[in-house]
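Okay, got some structures for you below.
Two complexes follow with chain A in common, the first pairing it with chain B and the second with chain C.
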Partner chain A sequence: MLTLSRVSRRYGETIALDGVDFVVPENTYMSLLGASGAGKTTLLRLIAGFEEPDQGEISINGERIDGQPTHLRDIGFVFQNFALFPHLTVAQNVAFGLRYRTNAPLTNETEIKDRTEEALELVGLTGFGHRAVSAISGGQRQRVALARTLICEPRIVLLDEPLGALDANLRSRMCDELKAIRERLGVSFLHVTGSETEALTMGDKVAVLANGRIMQTDAPDTLFSHPGNADAARHLNAWNIFDASLCRTSALDGMIAVRFDQMDVSAAGTGPADRPTLAAKYLTGEFNGPTALSFFRADDGTLFQIVDHLSQPRLPDLVEGQRYDLHFPPQALRQFHGAA
Partner chain B sequence: MESRVLRPVLAIYSSIFLLFLYGPMIVLAILSFQSVDGGPQFPIREWSTYWYQHLLGLTETSRVSQLPVGDSLIRSIVLAFMTTVVSTVLGVMSAEAFRIKFKGSGPAFYLIILGMMVPGVLVGLGMALLSNTIGIGRAWWGTSFVLHVVYTYPFAFLVMLAIFNRFDRTVEEAALSLGVSPAQTFRRVTFPIIFPGVLSAMLFSFTLSYDEFSRTLFTAGRDLTLPLSIYGTFSVEIYPNIFAFGVLTTLFSFTLLVVYGLLMKRFTSKAARFKGQEDG
Partner chain C sequence: MSAFTTETPSEIIHSPAELREKKDRRRAISLLTPGLLWMVLFMVLPMGMVIYVSFWTQTTFSVNSTLTTASWERFLSSSTYLGAIWTTLRIWLIVLIATIVVGYPVALFIGLFVRNKTLQTALLVACVIPFWTSFLIRVIAWRPMLGTEGAINVILLKLGIISEPLTFLLFSEFSVLVGMTQIYCVFMVGPITFMLGRIDVSVIEAARDLGASFGTIFRRIILPLSLPGVMVGSIFVSVMVLGEFATAASLSGRKVNLLGNIIVSQVGSLKWAFAAVAGVVLTIIITAVIALALRLVDLRKEM
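Entry: the complex of A and B
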């Protein structure tokens, strides 16, 4: 179990992390979702020991690891750019940790060879050992990076946007494989990403990092349907967040949120009386396959997005520049307290 | 249209420039094949390899005494080798230090660079005075050696600084995260990747030290290095054996360059593969 308590990191005037409390349980795939610049990579680098926190404690199974040198922490790290050793072959890359690590390095060549082949098999690269790392594709490099880390049996594996450098097709395949590999090994993965779909797909649990803090940690479906605060909701890219006073009929106040797929549209003035309704101008639509996204702007400038599913269309024909009534069932809204 | 005129003009200009650059060396090489009774000028009386034999002591005693370069050649090579090792090691270490901003890194940088900027005559004279004052004997392996390092170390440092500028730090971090100690990481990852740069730094240090004159002049003491002893022969009378020697040392330099080129080729092909890594 990896525990961070009140971990802070500053770079000059900018505060990257501001008292992060965070727990990664045993045998868990944890996704960490955050916008770029939110401090995701900083958090991983602190855990790995490439940098030290200004304040706070990091520990694994109760043993404090901050202040320890990186190579004694026993934590795996998979880099976004893979960071393979360019002068070594695939097999030498994978065997690197076993051969040269400080704690109990292996000297028996047959054992190294067997373990290397085992690791390559695990990531589906049997027979690629003799290749130069330049002679394999991006997805294969990713697997080599993974095999190189996993062969050392670290206590936890940190993945820094591991799919960011891959193309979309490969990304979804690697998603499944990463999950499968993790389940076979039973080690915890902490996967950092800026993509909400990736975070929700991969994680047994998803944590949202914003403003230098962990805003919420929950199972993917819970997080998606019940974001605990406006920041968490904003990162899911599925919630309209707006001031309740925009609604004509409701007596609500403060910031409220309604999911993209739970809002309906009617011609101006015809919104049902039993539903909270607000007026907005239709801006434009965006078609992206199975769903279509429509954009509206309310009177105070708030942007609204509404998802329509191709198989069950529920929006009327929309004309750009026209005003419409947007409404939603009262039980669909979530209300947040405090500032957004 | 423009290139049809421009290209030939530039080509001719470049050829003339190269000819001008290598003209002195070519003249020297031709004159080195002068016959016994010929002087250090044209015309060539008769083509011969007499002066090469003379240089190597293979001829009967002649009116011209043998060039006293044997010992000084060895001294110069040993000195250049010592300088190469020390400067390169220092250069790599300090460039490694400069990867992280530290307090006083600005002044430290300029103090290192100063070693190649200050006039050699001044440093040489200063060193001679200093060694006299504190009572240290001047010697090519002592006072000269120190000045050679002071002179060549900034070059090695700058080369390594450029190499580390392009160095991807994450491969080192990857090695550390695999449980490999910093020392092993340097040996197994950093050094193999920066090796082409180290070779260049060595080449710089060696050639600069090998023909360094002004700093050595004041500090070498009794035993002379090669540039000094060649200069010494000028004060008597010039014979073509000096030209023969010039050709031989040039060939030696070319051999060094070829070795350097071959090693570079071997290692940069790997470095090129490294670049391809980003575009997966």
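Entry: the complex of A and C
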């Protein structure tokens, strides 16, 4: 179990992490979702030991690891750009940790060879050992990077936007494989990403990092349907977050949120009386295949997005620039207290 | 095929691809011509001339173009000249190793530990500051430093470490080695720094993460990745040291005779054929050294 308590990190005036409390349980795929610049990479670098926190403690199974040198921490790090050793072959890259680590390096060449082949087989690269790393594709490099990390049997594996450098097709395939590999090994993965779909798909649990803090940690479905605060909701890219006073009929106040797929549209002035309703101007639509996204602008400038599913269309025909009534069932809204 | 070409009028209509190719070829040739001309006029022809002259007949005060191998025989049978080859090779090897030993840590610091590009450039420029003065001054400046009443001896005497001045410091092979190492070190630092600067930091972090200590990372990652830089630096230093004569002339007190010094003195006494022999030998040695260096590291693969 990896535990971070009150971990802070500043770069000059900029606060990257501001008292992060965070736990990655054993045998879990944890996704860490955050916008770019939210401090995701900083968090990983602190855990791996490339940097030290200004305040706070990092520990694994109760043993403090902050302050320990990186090479003694026994943590796996998969780099966004893979960071393969350019002068070594695939097999030499994978065997690097076994051969050259400070703690209990292996000297028996047969054992190194067997373990390397095992690791390459695990990531589906049997027979690629003799290749130069410049002679394999992006997806294969990703697998080499993973095999190189996993062969050392680290206590936890940190993945820094591991799919970011892959094309869309490959990304979805690697998603499944990462999950399968993790389940086979039973080690915890901490996967950092800026994509909410990736975070929700991959994670047994998803944590949202914003403003240098962990805003919420939950199972993906819970997080998606019950975000605990406006920041968490904003990162899911599925919630309209707005001031309750926009609604004509309700007696609500403060910030409220309604999911993109739970809002309906009627002609101006015809919103049902039993549902909270607000007026907005239709801006434009975006067709994404199975779904269509419509954009509206409310009177105070708030942007609303509404998802319509192609198989079950709910929205009337919309004319750009025209005003409409947006309404939603009262039970669909979530109200956040305190946070703006 | 031949029927086709005879039927086509002389103005064959070229496809755009062919036209583009033709244009590119013309541009390549026009870019290459000045360099090629220069090389042929000032390198290939003189080289041929030097080899030719080395077979001329040398009399005490003149040289004529009757071909003979006399100069070669004299050169290869004289212990003085064979000794000069040996001295040249020895000094070259020691200076090469010294520049690597002194230059590599400097390059390691500038290229790897200074990550600010501006500061890197500033430090590299600082390495070149001695070059702002003339070559001769740089060499001669070692005399007041190394002489019997020079700075080093005076300091050591004052500190009581030695009781009488060290005489091996100046006008010896030692002073030549010190002078050359100082002058040529920067040619080693530059290429190595460049290679080290190109190493992706995350590669080093990956090695740390995989459990390697700094020593291991240096041996297994940093050193192999910087070897092409060492090789380029070695080629620079080798070419310059092997052809050296000025440092030896002004710091060795005529005790150290390099091939370069022989050429200078033979030319001075108008022994053209003999100077040409030494010149050819020197060229062969330099070519062999560069060929060896390129054999050790495949620059095409590494750059």
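Assume the second predicted complex is superposed on the first by the 340 of 340 C-alpha atoms of A that agree within 3 Å, B and C clash if a C-alpha of one lies under 4 Å from a C-alpha of the other, contacts with A are read in each partner's own complex, and residues count from 1 in each chain.
Assume contacts are C-beta pairs under 8 Å (C-beta built on N, C-alpha and C of every residue); 3 or more make two chains touch, one makes a residue touch a chain.
Just so it is clear, the model here is predicted, and its values are computed rather than measured.
Colleague: Should the pairing of chain B and chain C on chain A count as a clash or a fit in the superposition?
Modeller: After superposition on chain A, which the two structures share, chain B runs into chain C.
Colleague: Classify the contacts of A:8 with the two partner chains as first (chain B alone), second (chain C alone), both, or neither.
Modeller: A:8 sits against neither chain B nor chain C.
Colleague: Which of the two partners, first being chain B and second being chain C, lies in contact with A:68: first, second, both, or neither?
Modeller: neither
Colleague: Classify the contacts of A:195 with the two partner chains as first (chain B alone), second (chain C alone), both, or neither.
Modeller: Touch status of A:195: no partner.
Colleague: Regarding the shared-chain residue A:50, is it in contact with chain B (first), chain C (second), both, or neither?
Modeller: In the superposed model, A:50 contacts both chain B and chain C.
Colleague: Look at the residues of chain A and decide whether chain B or chain C touches more of them.
Modeller: Partner touching more chain A residues in the overlay: B.
Colleague: Once the structures are superposed on A, label A:77 by its partner contacts, choosing first (chain B), second (chain C), both or neither.
Modeller: Both: A:77 reaches chain B and chain C.
Colleague: Counting contacts the way the document defines them, which residues of chain A are shared by the two interfaces, the one with chain B and the one with chain C?
Modeller: 48-50, 69-72, 74-77, 79, 81, 83-87, 96-97, 100-103, 148-149, 152
Colleague: Name, in rising order, each residue of chain C that touches chain A in their complex.
Modeller: Per the touch definition, chain C meets chain A at residues 200, 202-203, 205-213, 216, 220-221, 224-225.
Colleague: Within their complex, state which residues of chain A touch chain B.
Modeller: 48-50, 69-72, 74-77, 79, 81-87, 96-97, 100-103, 132-135, 137-139, 141-142, 145, 148-149, 152, 165-166
Colleague: Quick one: which bits of chain B touch chain A in the complex? Just the residue numbers, please.
Modeller: 168, 170-171, 173-182, 184-185, 188-189, 192-193, 270-271, 273-274, 276-278, 280
Colleague: Which residues, counting only chain A, touch chain C once they are in their complex?
Modeller: 48-50, 69-72, 74-77, 79, 81, 83-87, 96-97, 100-103, 105, 148-149, 152
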